[in-house]
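Heads up, the next two complexes both have subunit A, just with different partners, subunit B and then subunit C.
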Partner chain A sequence: MRSIRRSDARLTLGAGLLCVAMGCASVLWVAAVGGCGDPRSGPRWTGAHPGVETPRRGGTFVFHHETDVRGFDPHVAFDELSTMGVKLMFDCLLDYDYELNLVPSLAAALPDVSADGKTFTFRLRRGVRFHNGRELTADDVRWSLERMLNPATASPGVGYFAQLDGAAAYEAGRAPHVSGIVVLDRYTVRFQLREPDQTFLNALAMPFAAPVPRESYAPGARDVARHPVGTGPFMLVDWEPGIRVTFARNPRYWQPGKPYVDRMIFELNLQREAAFMRFLAGDLDHVHRLTPADRLFLGESRAWGPYRQAQADADLWGLEMNTEMAPFDDVHVRRAVAFVIDRERWSLARNHALAPLGQALPAGFAGYDARLPGVQTRDLVRAREEMRLAGHPDGLRAPVTLWIGEGPTGKIYGELAQANLAEIGIQIELKPVAYPVYLRETGRRHTAQMVYGGWTQDFPDPATFFDPLFHSRSATSTDATNRSFYRNSTLDALLDRARSERDRARRVAMYREANELVTRDAPWAFAFSSSRLEAWQPYVHGYRIHPVWTNCFRDVWLDLPRERITRRYAPRATMPAALLPFGAPR
Partner chain B sequence: MMRFAAKRAAWALVVLFVVVTGVFLLANAVGDPAAANLGPRANRAQLQAYRRAHGLDRPLPERYAKYVLGLAHGDLGISLRDEQPVGQVLLQRLPRTALLGGMALAFELCLGLGFGIVAAMRRNTWVDTAVMSTAFLGVCLPSFVVGPFFLREVAFRLGWFPVGGYGRDALDHVYHATLPALTLAILGSATYARVMRSEMIEVLRADFVRTARAKGASETAVVLRHAARNALLPIVTMLGLSLPLLVTGAIITESIYGWPGVGRLAIESIAALDVPMILGIVLLASMTVQLGNFLADLAVAALDPRIRTGAGG
Partner chain C sequence: MDVRAWRRFRRNKGAVAGALLVTVVLLLAALGPLLAPFPPDLQFTDALDRATGLPVGAGGKYLLGADQLGRDELSRILQGGQTSLGVALGATVLAVGAGLLIGLLAGYLGGPVDAVSMRGIDILLSLPFLLVAIVVNRVVDSPSLLVLCGLLGGLSWMTLARITRAKTMQVRELEFVQAARAMGMSQARIIARHVLPNVVQPAIILGTTLVAQMIVAESAMSFLGLGVRPPAATWGTMLSDGATMLSYKPMLTYLPSAMIALTVFGFNLLGEGLRDALDPKV
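The block that comes next holds the complex of A and B.
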């Protein structure tokens, strides 16, 4: 008995001593090698020809994401990850340039639009070939759109094409074709709409409208999500599920000279920490998902300065208040919340990974106005005044439930809101729920009082925010996207008119009016747009953050240092090279 | 013996059935797979189209019956997340997880048994204290501490190993699996070391060891051939119980290192509320647990004649 006790004591003492020793060792270690966030540690390699701006061909570009790809069927893919790959392999009739203009892509020019704004005639670029070698024709455009609209495809994109004449009849199986898509000749296709809709061209630029060859996508074709065939600059070579996807240059690409890069490797399943370390080690050419600490380091690093870009996303985040439920059925309470949110403080708490915003449209959108009357800003006096007008000068007696998604991010904003709202006497109870539950319950009428949530653009047009978030049509009893269940007939009419208005200036004015209306009525306390930070290796050229497509690498070219070419991602990496310690060939 | 096996198999079936039913009900009660897969931007029409296409608009009992019927035919269903057959995806992921788990087990055994034997032989000396303190500390170090530490210091800063990932060919996979396997082994080996030490102390006192010594056998022969072999009995049971590690993987460790195994798949499937895939993984896991227990029983019976006569009669 005694010996056992003695050995126990020795064990405890030993473990304690070991702990102390390990602690000392780690302090010494950090002191000796320096922290990872050492601002002096810059890029490992520069390009071989610094300063030369003529695109060079060749090389392998390596990028990454956190999870796994679902599939590359352009008519079905609806998540960021899959769309990244889809944008490499598919083209649409139209695309966006970096200034948000619609530009022709597979179309030879922008379409001819009829006087009533309901007919769009496209002439196709000639000589465009699919990856399988066959030429793209107007028939393919029609066949692909019909495939997407076919209920058997279960495309999430159907709703964007609801204005097409005959689409409903085709979807219901009452017509063999969509009457609003007319093939005029081999290279000409005409779209006929029921009502004029200015967002139709935006819809045509979405991957949902990408032409695909019928022979590869006809019903019965094997697993089209894994065997994509498009017209884009890259082709799928290899897909190791959960590990990586490899793309190779499309030798028949219609844009002369492009693409520049021979191969692209999409590394999957890389957690943020590991991805950033790989980036610093030179094994990733681009990094975009960062932990708060890495983001802070990268944003402040002088060495990385020329090779990084920060840009506000086209999205909208804030507190959605259920206008059908007390206390938010009272506009004054909603306004009080909108005025008490301290957006600058939120930004500070997130290391400025967000751009404060107090209106219904992100900066840069038509209808956004930095000096919008009634813009939501932090104003404690006005917030208290609104609470008095609502008849609650001393705050609310009952606490309010705020639904947040499970996980650290939702919790941070929940707690920030909690602190802010306490200032006007509103107690918040946080309700963190798993994401699938969050989506189902917050989209159900009379369920969630208040929701922390956001919305990202589908295309760069104000309708992408207003129609799903604030139109009464979107306040369905279940699966609502209008989660504040806001109904305003004036706004509905304004939005419907704006959607079809062809005069650009008048249209912008309408959306500005809608913006002011929603901002004043405050179904949301608008808080911020998120802001992304991306970085790339010095030898990566031709990349900028695209305002619509996340991580669009189509125009990238590489000025590779010699060492980089011979390393891990060279085709057929030999084992000894891979076994060498990382630093050896540096 | 056959009766024993048949009884165990029948019990296993009952357990599997209960597990499948429970998980099926739970997973479907939690949330909406359509919303989880299409994300917050999906509107009502999109969600309904998705539900129709995947049969999620059918009543729950019907879906359950269909699933169980498929199961009886060996069909695990189609994943909601990427539309692949569940069985096929699991088969693809299994070898990866088995490699990681196998290496982890090997490391655990080498470290654990070695430590245990050394500590037992130098019982109550500073060697014993040092070795067992290290093991004690190992039990206290969870993989979410060791993993990022290894990744940052050993892989990134020292550059001895790749910073996560899976590699390109067989040898490369082993190379990539080393750090995650070590991460797992640190925790497991500590347990083995403690069990091995106490077993060894017990056995070293036994009469047959004294006899062996008296016959003039060398100390190495005594320890390795006579003592250690007999001390292995509880280790075999432990091995059987850790068989699921080879199959279900280590969810946290696989995530930290981006190891594309079953554990990582489990996390993604849960996030997407991919009910068929979750069910497939749970089935696989519970089957392995059953199998592991069964094998452990068999192995112990085979190794220890006393148990064999007791159960085999």
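The block that comes next holds the complex of A and C.
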């Protein structure tokens, strides 16, 4: 008995030590080989015809995102990855080129604008067909916009079209149509505004204004979010929920010769680390949203040099302070926070993947000024002085709750803020919450004292930041986008005038003034705007980062070295309907 | 522990190794704040490389290097050990206490007390541990160390309660207990003086291995971001922080992993050694 037990113990010890040894060995091996981040590893596949720049037809392009798509109804989808798919399947009257100019898309030309700036007349391109084969007419444009504005659609885009004549009456159900949308003939439509609005054309370029065929929305038709029908270069052919969406080329596309690739595969729910490994293995044709380590590797790699692009994002990130709640109802406390944030150090801790920013507009926007008076920079002396002016020379007694999104990224910025604010005696308690909770609770009055958050442009115009973030109109009691609940009648008036001002120089001056006002009043401690790094396989051509649309793959063409992808993603074999338990899927 | 048990324990090399490991880890955790060269939450700018922003490696001013925010890794490992072990020990004490108490009462009193508590245990045992822990931690407004302790402990006392109950039922029928009852001793006194000492051994053994399980559970929760509040370090949070830098700074992952593995290994060895020593019949 005894000897057996002893040998048992020895066995346990031996097995344990063996496990530890094996663990150490694998650790050393991974360290030596360097895992996936080996800077020597370059692309595995190159193009079949390097140097040839004539677009080729055919092939399958595979891209990904780390979360799941909710739906492809262009009038409802408002998140980045739905828009990625929406941009493949839908066109609008207008679009942006890579130099940020508005260019005609479904419109035959840019619209005729009346002298008072309130009337826009569009002539449609002829012969444009929906995926179902029917021709696009002016009537579709009107029907689609009205469908989007209809409260039953619950579109988040309604606010962008508030200046349309008769929109309010239509939304309230007092009119059968929007009086400001007039169909002049089969190919001509006119928009009439109440006040001039310099962002109206931008709004028309948003997917919210995408024309859709009304027959797809008839009672009994299939759910449009799952079975979208548009005029764009690709059509949805298959959707495995949570796994992948497959698009096929639209043979009736109005741009001759386009699109180039036969199929597009949108892989969903791929984690960043996994996506990058699959990209390196040649399974994905495009990669974005990298972990800091993968980003460093890709940025340093010489082999990937020609196949990557970094670009500053048009977005704002920072600490949003609730101006209705103590202690941030005091402008001096807010300014103290703005002056104590060490933006350079934040950037360093994120491996320089972000650009420090101390004002209400990212660089490149009209109204941005590198030498703006009152610009928020790290200045510990001034921060302490502001705390003294606020009556808290020794800091705050009660801790402040900072809401952050769940996950490692929010936590990093939370901890950076924590360290900075401790320097002026403000203790921060972090409150990590799931993203839907974060959106709901931070947009509710008197709920979140301080929020780490950001805002990305909807269109390249300063109004895209000021109106949702700082106009009192956006400080609603629930679902507010003005999450600092900042109200300033001077600013409101200035923003309203700027929105309708037609003289470009005067308009820029107004936004510069607004920028200065918000920066000084500090409802936000502005921290940085981010930048993105994307890479693609060497055989992918025709892609570069679009300044407005994230991951816009419409013009991609492939110089495939082999048949790999097309084989791998062969269409699923369809089962006879009789064998399916609930009949054919709709 | 009587002399024979101690002799059995001493001869078992695995048990001694386990005890040694546990002692070292406990000492490190207890003395952590004294040994740490820097405050664990202080972010040093010179701990990040100017050009790349990567944390500096081991050696030099920061003995084990720095983490991605420029905090001293050694200081955080020490603080993390204190938190992780604190949570694990707290949860274990809670679980052992509850398990003993409920097991004793159910076993000694029998009847409805026994029936109710055993069905309660059946229900609790049918819940998936990590899932419940995650849900409760989500619902609680401000997760803290105490909540975490309560959660982990509150979900792991059931096995011990069952074992204690079975043992108690045996002991209850023995002559000396019956004698005590005949002499008019109160029930509480009988349980405390005569039953408890005879059922405490499985609790010691189970408790030791439970510490190991609690460390793993706490690490898992912290890795998922459901543990303690930042910036407090635990080995689990350090593991999840380090994972984003795995290909560049593998040490940030390996260090906390190694600490977790060694500690768990130590507690398991010790637990097994204790079982062999205290309960030669098993």
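Some notes on this structure:
Convention: the second predicted complex is superposed on the first by the 540 of 586 C-alpha atoms of A that agree within 3 Å, B and C clash if a C-alpha of one lies under 4 Å from a C-alpha of the other, contacts with A are read in each partner's own complex, and residues count from 1 in each chain.
Definition applied: contacts are C-beta pairs under 8 Å (C-beta built on N, C-alpha and C of every residue); 3 or more make two chains touch, one makes a residue touch a chain.
In this text, all values refer to a predicted model and were calculated from it rather than measured experimentally.
Following the overlay on subunit A, a side-by-side fit with no clash is recorded for the pair subunit B and subunit C.
Residue contacts after overlaying the shared chain place A:D379 against neither subunit B nor subunit C. Angle at the C-alpha centre of subunit A formed with the centres of subunit B and subunit C, after superposition on chain A: 40°, rounded to the nearest 10. Of the two partner chains placed by superposition, only subunit C is touched by A:L296; subunit B is not.
Within the superposed three-chain model, A:A225 lies in touch with subunit B and out of touch with subunit C [touch as defined at top]. Once the two complexes are overlaid on the shared chain, A:A419 sits against subunit C while remaining clear of subunit B. In the superposed model, A:D185 makes contact with neither subunit B nor subunit C. In the superposition on chain A, A:A281 contacts subunit B only, with no contact to subunit C. Among subunit B and subunit C, the chain that touches a larger number of residues in subunit A is B. When the two complexes are overlaid on their common chain A, residue A:Q271 makes contact with subunit B while staying clear of subunit C. For the three-chain overlay built from the shared chain A, the minimum Cα spacing from subunit B to subunit C equals 7 Å.
Taken together, the two structures place residues 10, 13, 19, 36, 273, 434 of subunit A in contact with subunit B in one case and with subunit C in the other. Remark: subunit A residues 3, 7, 10-11, 13-15, 17-19, 22, 29, 33, 36, 67-71, 78-79, 151-152, 154-156, 158-159, 223, 225, 240-243, 267-271, 273-274, 277-278, 280-281, 283, 434-440, 443, 453-456, 458, 468, 474, 476, 478-481, 573, 575, 578-579, 581-583 touch subunit B in the complex.
If you check the complex, the residues on subunit B that touch subunit A are 30-33, 35-36, 38-50, 52-54, 81-84, 89, 92-93, 124, 128-130, 132-134, 136-137, 148, 151-153, 155-160, 162-169, 171-172, 175, 255-258, 260, 264-265, 268, 271, 273. Across the interface of their complex, subunit C is touched by residues 5-6, 8-10, 12-13, 16, 19-20, 23, 27, 30-31, 34-38, 273, 291-294, 296-297, 345, 347-352, 406-408, 411-412, 414-416, 418-419, 429-432, 434 of subunit A.
Residue ranges on subunit C touching subunit A, taken from their complex, read 11-15, 17, 41-43, 45, 48, 50, 52-54, 68-70, 138, 142, 225, 229-231, 240-241, 244-250, 254, 261-262, 265, 268-269, 272-273, 276, 280.
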